[in-house]
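For reference, chains read A, B, C and D in written order, and residue numbers begin at 1 within each chain.
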Amino acid sequence: MGFRMEALDRNLRRAEILLFGAVGILMIVSLYFVFKVVPSEVTMGVVQRIFYFHVPSAWVAFLGFFVVFLSSIVYLATRRLIWDTVAHAAAELGVLFCGIVLFTGPIWARPVWGTWWTWEARLTTTLVLEMVYVAYLVLRSQAENRDQAARLAAVVGIVGFLDVPIIYYSVQIWRGHHPIVFKSSGGQGLEPIMLKTFMLCMGTFTLFFLLLLALRVRLGILQDALAELKEHDSTAGA
Amino acid sequence: MGHSALLTVCAKDLRQELRTRESFTSAFFFSLLVQVVFSFAFDFQSIGLGFEDVGGGILWITLTFSSILSLQNSFLIEREKNCLAGLVLCPCDPSAVYLGKFLANSIFVLAVQALILPISTLLFGYDLLRVLPGLAMVVVVNAAGFSALGTLFAAISVRTRRSELLLPLLLLPAATPVVIWGVKATRLCLAGRDLGAYGYLVALSACFGAIFTVAGVLLFDYVMED
Amino acid sequence: MIPPREPDVKNLNYLFWAYTLIWVALAGYLLTLSIRLRAVTSQLRRLKSRLPGDER
Amino acid sequence: MSAAFLQVRDLDFRFGSRRILRGLSLTLHRGEALALFGANGAGKTTLLRLLATLLRPAAGDAELEGVSLFRRSERSRTRRRIGFLSHQSMLYERLSARQNLLFYARMYEVPDPARRCAELFRLVELEGREDDPVEEYSRGMQQRLALARALVHDPDLVLLDEPFSGLDPRAARRLGELLVDLAEKGKAVLFSSHDLEAGLSVARRVAILWGGRLAFEAGRDTLTLDSLARTYASVAGRIA
């Protein structure tokens, strides 16, 4: 493995330990706040507490897609595979957190609106984005070799992200009426304690995202190194 | 220098299609099949719905999937004898190849629609002539928007192992905006509303097409590189 | 401000399921990552030991 | 000898994690034909595709009269000067030979496409079959048409990947004469081959590609067929 890669690997490992500690503590504090400290929202009752993890998941998924977008551009400019590894890791996390949003959404909607699925603008956008980035991951698996996968995925990573605001806007038009009181109650209507808890959860999830990203990127680097060694092994032997 | 390569590529695709008529026949019969199946499914008299309510969906499913067939074919013909490499080696700007293919694909899709729409009036008994000018514009703008993104994704998926699987998977979610605006505009148009009612939707689809044509022009070079 | 008890109780299981599933997803992913990481590092170590000479 | 027309300096190429070319260097002059020998997988095709600007090298550079082949800003001008005949014909089977050639002539912005195509059909002896679809052509005829396609814009550097493979002796001889004629007209010709004899009959210089580099290079006149065969075996033997 190249010298620079080993340095990166060491830094990632150091970052992981720090993040692991921070996320561990923050997660416990968040859970304590969400279940013990913060009062229930008056209209929806206790089930509204799903909000404190649901919305941060959506934010982190969106952050993941943004990281894919940036690292795809940098990869196309510099052609260094490390950026492609970052894009791949971020896309995988984006899909994971979108999945979390997509199944906590209905669980929240069921008791409050009586239906599992509501074509609410944000939830629908998340569904469409999940499909776009699952297609991104399928593209990677279908590519013939690593360089082609990186190049084609980078193009889809860029085009996919350009599509995000357009999808949201088109879904907004389709659903027409004002979005159901999902997030807006979180914004203005929240009491200070609720807002603090919400911010706490956002911070926790962002750190959690960074932890998972570091782990997944390191995995990508090691996989590349392994492939190189195997290749070397086979040609040296031949 | 640019437009000559664009027209040459487009002319070549049209000439090849005229000679083989592969993508036209497959797209046309697929669309016909979809329309026939829908006319089985919706017996308008009994369910009390006019065609206006459902027509948008029917026309759009036909348009979407038949364009995927012709987008797929437009790059499969290049893959056969590695003509993709032949195109890459040309001194022209790769975006000229993209725009040439985009133009050819849009023409194929619209040719299929031009034949399917009259047939759908027979199957579903709505008055096409009354809505024709508006509907034609909606179909043209949305087909172009769909092909703009579709041409880029077709060029991407043809290079991978399973391009037939990958193109719909990549294109359909990403093209959701065009489908949503297209269906909504078609329904308003079929309901006899004037341009004022659905003009903004056609404008939005046009923006979608413009954005992804520019993206295609800028990114096509990276896709075609071996 | 003590939250009213009765209307919440039946929704409690939804809350429970939501958080459980979030945890299963996150912890599960973390687990698979660490397993895959351990597998790759051990394979790397084994392969490296087999090619002592031309270590690049 | 004039200055080097094509200068390749320690070219590296990696396919995924496999290093196919390892610091390959090569020079080619105008009016010279170089035969490139090497076993399958030695990197002959990769080298030719790199020089045709279809691939990007991991390291090293190749210059055409001082201009790098891989500089994006020069790419259009560079590609106008390179002709590439690959394993696959790059022809549209459903279109006629004339339509194929006219298409590429227009794409390369050849001044008078019709006249140029007629000239090429005469050169590759396909007169009278111009309007048949390429799918009705025999393998030899398709190869001749593919050669015409590679020469449509009268390139200065002509790259041919295994042009002699699958040709009967008569066709091989005719192709050899054509390549010699190209070199005499001042073109730089680089072709890969398995057929030592055919290569020797055409090339002014010979090279053997092995282990990602030129393991052997020599002028044609310093060699006989069996001395080349012996060197080839020893090169392959020594490194394997």
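Rule of thumb we're sticking to: contacts are C-beta pairs under 8 Å (C-beta built on N, C-alpha and C of every residue); 3 or more make two chains touch, one makes a residue touch a chain.
The model shown is predicted, which means the values in this text are computed figures rather than measured ones.
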Taking each chain's centre as the mean of its Cα atoms, which chain lies farthest from subunit A? D
Go ahead and note the Å separation of the Cα centroids belonging to subunit A and subunit B. 32
Using mean CA coordinates as chain centres, what's the gap between subunit A and subunit C in Å? 14
Taking each chain's mean CA coordinate, subunit C and subunit D are separated, in whole Å, by 54
Computed distance of Cα centres, subunit C from subunit B, in Å: 43
Multi-chain contact sites of subunit B, meaning residues that touch two or more partners: 225
What residues in subunit D touch two or more of the other chains? 56
Residue numbers of subunit A (touch at least two other chains): 230, 232
What are all the touching pairs of chains? A-B, A-C, A-D, B-D
Going by the contact rule set out above, which residues of subunit A touch subunit D in the complex? 79, 145-147, 224, 227-228, 230-232, 235
Contacting residues of subunit B [partner subunit D, same complex]: 1, 4-5, 8-9, 12, 15-16, 19-20, 77, 80-83, 85-93, 225-226
Which residues of subunit A touch subunit B in the complex? 76, 128-129, 131-132, 134-136, 138-139, 142-144, 148, 151-152, 154-156, 158-160, 162-163, 166-167, 169-171, 173-174
Which of the residues in subunit C end up touching subunit A in this complex? 1, 3-4, 7-8, 10-12, 14-15, 17-19, 21-22, 25-26, 29-30, 33-34, 36-37, 40-41, 43-44, 47-48, 50-51, 54, 56
Quick one: which bits of subunit D touch subunit B in the complex? Just the residue numbers, please. 49, 52-56, 75-77, 79-80, 82, 84, 86, 88-95, 99, 103-104, 106-109, 133, 149
